[in-house]
Amino acid sequence: MKALIDAEEAKKLLAASIAGELPDERGRFGPFGGQYVPETLMPAFQRLEKGIAEHLHSGAFQAAYRSELRTWVGRPTALTHAPRLSEKWGVEVWIKREDLAHTGAHKINNAIGQALLAKQLGAKRIIAETGAGQHGVASAAACARVNLPCRVYMGAVDIERQAPNVDRMHRLGAEVFPVETGDKTLRAAIDEALREWVSDPAGIYYLLGSAVGAHPYPYLVRELQSVIGEEARAQMVESAGGLPHAAFACVGGGSNAIGLFYPLLGDTQIELIGVEAGGTGDKLGQNAATLATGTPGVLQGSYSMILQDTDGNVQETHSISAGLDYSGVGPEHAFLQTIGRVTYVAVNDNEALEALEELCETEGILTALETAHAYGYAKKWAQDNPGKRILIGNSGRGDKDMPTLRQYPARTKVNVAI
Amino acid sequence: MLPYERISHAIGDSTAKGNTALIPFMTAGYPEPEAFIDTLRAVASVGDVVEIGVPFSDPMADGMTIQRSSFSAIENGVTLNWIFEQLEQSGNDIESPLVMMSYLNPLLAFGYDKLAKRARDTGVCAFIVPDLPFEESEEIRLTLEAHGVGLIQLVTPATPDNRLKMLSEVSRGFLYAVTITGITGGHSGLPNDLADYLDKVSSVSSLPVCAGFGIRSAADVINVGRHAAGAIVGSALVEVLEREEDPATFLRNLR
Amino acid sequence: MKALIDAEEAKKLLAASIAGELPDERGRFGPFGGQYVPETLMPAFQRLEKGIAEHLHSGAFQAAYRSELRTWVGRPTALTHAPRLSEKWGVEVWIKREDLAHTGAHKINNAIGQALLAKQLGAKRIIAETGAGQHGVASAAACARVNLPCRVYMGAVDIERQAPNVDRMHRLGAEVFPVETGDKTLRAAIDEALREWVSDPAGIYYLLGSAVGAHPYPYLVRELQSVIGEEARAQMVESAGGLPHAAFACVGGGSNAIGLFYPLLGDTQIELIGVEAGGTGDKLGQNAATLATGTPGVLQGSYSMILQDTDGNVQETHSISAGLDYSGVGPEHAFLQTIGRVTYVAVNDNEALEALEELCETEGILTALETAHAYGYAKKWAQDNPGKRILIGNSGRGDKDMPTLRQYPARTKVNVAI
Amino acid sequence: MLPYERISHAIGDSTAKGNTALIPFMTAGYPEPEAFIDTLRAVASVGDVVEIGVPFSDPMADGMTIQRSSFSAIENGVTLNWIFEQLEQSGNDIESPLVMMSYLNPLLAFGYDKLAKRARDTGVCAFIVPDLPFEESEEIRLTLEAHGVGLIQLVTPATPDNRLKMLSEVSRGFLYAVTITGITGGHSGLPNDLADYLDKVSSVSSLPVCAGFGIRSAADVINVGRHAAGAIVGSALVEVLEREEDPATFLRNLR
């Protein structure tokens, strides 16, 4: 479990990664990943691994999955040129519009894929965890679509701050289970979902919402989210006339980021930048900047970077965005950081809020608070890289954030005398 | 005798007398850190082996009772290092072999080598790590065993037969047979097909088999004792500690 | 202003309509339409007509408009097959997904088109009215995109029941002006917007949100919304293997319906059905079923059907859906009804609610309360037409309706023992 | 003399005496329906021509004051038919020619033919229809004129010259020069370039030009009177009625 990798090793690992050889058969991305799960779940994990090997890349499954993406999710999502933002920032800004996907975020790509898989594997019901509620809504919708009952675990704190999504889950027929233990946010919700799973490993399919957890989830979620980067890459070539110099995505668990980055890994000239939640400050507990400030450890099934104290207890986090408010991160990101292919930085609450507002005002796109972090850093990057072309993964829309945003009155742009 | 062999011996001593070995579980430093060693002594005075729980922030295999005890202990400053310090200061005179139950991350943070040495020196003969399946265990297992400290494997009713056999061979001290598919602290009673399951596990294992999860009463212990060498009592004991009742009395009544 | 038309005349008018000859140069669809506006606005209307004639179908404008539709709005929107709903209803159901368009409804097609036009015409600021808030949000977003200040007039009653959209408008930089006069819903908001426009006809561009009002609005909005039907027609042929036997759309002012129907008018074998809000009952004031139960008259600029008493005073309406809660309707619908090409029916509040829930549960799509009316009638139609293929215009998503829906608890579909 | 010719005559009589013709506007039946005819007599005792407002549910060209009076009158049961009935019952002895101001829809609902006859029979010499531009007016205009009832056209500062000329030719009774771009009831005073505008309108029109919108005081009337034949006073009078003050006194003070 050493995390230090020399340059030679890093080069080899990057090549393996680009060649699609990672994770290895033990579920590892270099030193990161693995499968740290209770013995009770081992048969379920083995079933899942087998199911993935059998179905995920089969013609029939891919046909069904791609058809749902196209006809139900609404893919391909648009690639938007942002002329006014470009002018303000001095770089050429392109936006990959996952906010236009059904239910309002990239989460649906994964949810419908796993729901189809669950059906294939004969699951009787589905459980999911959710932070911002986007994965909960996506799971609820996907379960309705494939006709499986769905229960969503959600921290009590998140239920409060993402109320619109709670209502939507209910409407979509899901049961929302409030989690009152632990930090009452995403991490506690995952713990609780795992506990439920342990009680019926054969009947339940656990529809995990990010590229985290034990193998094969980080792999499965990456495969289902890579459609983002595949589309964006082709669209950039077609519409922008070439690949971007840099691509930005926010990183909570890391699913939208890996979805955008993975298909771009081989274009080694593209700078890839993951943006984490800097919260209110640098200290442990003030942010959710796992890669930027964390240390290696095992949390919820995989060896990755986590925010923990020296005793190995995982620490509570703070972010204005529920979807980034998580003490762990997907192991493939820890890997990509270690080998130096992706840079991870943090943007704080205020910078994210300002970015959200700037995008609203210049391009008429109300982005999610999670996503706003990516803009917050892209803006800084632009200052040092005038004239460059950049791609931003717009992971979701901000409608769900209204209860939070209401606390920060908008500065209206109506500035003519009326 | 290697430390982890002390465990099977202690269990064997008990079963030799026609008893069911009793393995109480207690969260370290709960409810009061100051009382840790006294509680441990009391528990060890009845238990053949004692399982000490290291509190962790994300006890994903545990029910409400142990979660509560774990969060409370963390708040009260209980850490792995503190537990070792307390054991060291106690004079190492507790007879029953000790087992530590900990999620992986605190052990990882502590450092495996240091962990193995401090365990050996404080009478901790083995570890139970609920989020560490055998496949991921090589590094810590070898390091512990280099100091004679064992890693106890768990099997569950969902474990396929070939895997059950494999796990029984690599376990140390005893084989932990989880009685249910579920988390600790269940109140729904032991399953009806428990006997068949435990008989199967026992028939496969050359190590003593101890059953845990959901064992709350003398009747449960008797029930389990017919088909396994020992019974592990966790949440029920933690509830006793929580209510500040005498753990030794509670445990004696389980016999 | 006679509304009675004989069969011969109707045939001729339908042919003219299919040939794209309507409205005529006086802004008439047969007897309906026209331009009943205060003298103060006449120059503005003439400027607008001239602007439309000059730009709307020009290569440059169409290129800009189509590009925004594709890259910013996210068009084409998906066509979704609904297998479970199909099975329940006994017909083959296809859904045109305007809910996936940027900002969540078809309204954006019109808003961005008119915003581009306003920019072209040199407007200094934009005003708009809104009922459900969807047009307000769409206008706010479009104005941000083209960099024009925006003020949205919204009835106080609607502000209450569509709160999420009010917040979104604010975020997108628009000013929301609460209208406390009249019925405090959409009609009063239009009156108030007109009053504002009269005060500065040269500087203001009035971005009307439905196919209503004085000529050239019904024409302009139809042209901008026809993309719905054009896409749906091609997608049906490609994906469903043929045109539908019937197409359904909800009708408030009638913009999504005309957008879907207009490109299908010439396929005379397709039954076209517009669904109005039946509210709580048949009596004047209990519903907003203008075409189903109204009489001809002049309201807010055009001669069409309206809900009025015998003295010509326009009556308040009731609908559970703010976007259908309007006493008037676009003149082209009055026309299509009169010549018998489109049938207009009403679906009541409860039926709409049930339809919304059924769609959620079967297909994982949370539709708008407005849209739910179309499903409510399609379901009835299906009973009499088993085996047929139908197309439903899914005009928007239901996120905005959460405050209303919260009053009607969802029957959760989680029905397995857990 | 055709009914609508009575209007220009009455205005001419006033201007011949060196006065500015005064055309008060009152919402019918406001604030109390019972007082309608009495109020009308009082207003007509000062006004050279009286404009009677027919309440409508969507008065889109009117400000708060007239909106309020309109909604209130509707609630109190004031309808076009009721107004005609009241006029009929009054004995038709009011000397000042009457003009009705109504949005189109109530007229449409009433029926143009019946409208023209009842108007002619009750001393209503012309109509002002704020949401009916000339282009849409043919049917009602011809029907009214067949009974000698006129349709008064409005022009505004935004009206282009050729259109101004056209409208002045087709208007009947007088030409209504709206002083501002805006709705009724403005309080921001008359515009600075009013004189030029009214001079231009007057120079084009062979009919008397009367100015309206925003005229609230004697000073305003004097101001307008220098460049137009008459002044129309609407919201200011409705406010007087609202406060239940004497309309005749108010109007006399405007002279």
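Descriptive notes on the structure:
We call the chains A, B, C and D, going by the order they appear; numbering starts again at 1 in every chain.
The rule is simple: contacts are C-beta pairs under 8 Å (C-beta built on N, C-alpha and C of every residue); 3 or more make two chains touch, one makes a residue touch a chain.
Predicted model only: the values in this text are computed from it and were never measured.
Contacts with chain B and chain D are shared by no chain at all. We define each chain's centre as the mean of its Cα atoms; on that basis chain B and chain C are separated by 67 Å.
Note: centroid distance chain A to chain C, computed from Cα atoms, is 35 Å.
Of all residues in chain C, none touches 2 or more other chains. Residue positions of chain D in touch with at least two other chains are not found. Taken as a contact graph, with one node per protein chain and an edge wherever two chains touch, the assembly forms an open path, each chain linked only to its neighbours along a line. Taken pair by pair, the chains that touch are A-B, A-C, C-D. Interface residues of chain D facing chain C in the complex, by the touch rule stated above, are 55-64, 67, 71, 74, 79-81, 103-110, 130-133, 135-136, 139, 153-156, 158-160, 163, 167, 178, 181-183. Every residue of chain C that touches chain A in the complex is listed here, in rising order: 70-74, 77-81, 84, 97, 99-102, 104, 124-125, 140-145, 147, 149-151, 164, 167-168, 170-175, 239, 356-357, 360-366, 398-399, 402, 405-406, 409-410, 412-416, 418.
Chain contact summary for the complex, chain A toward chain B: residues 1, 26, 34-40, 42-44, 181-182, 187, 190-191, 194-195, 198-202, 297-301, 306, 308, 310-315.
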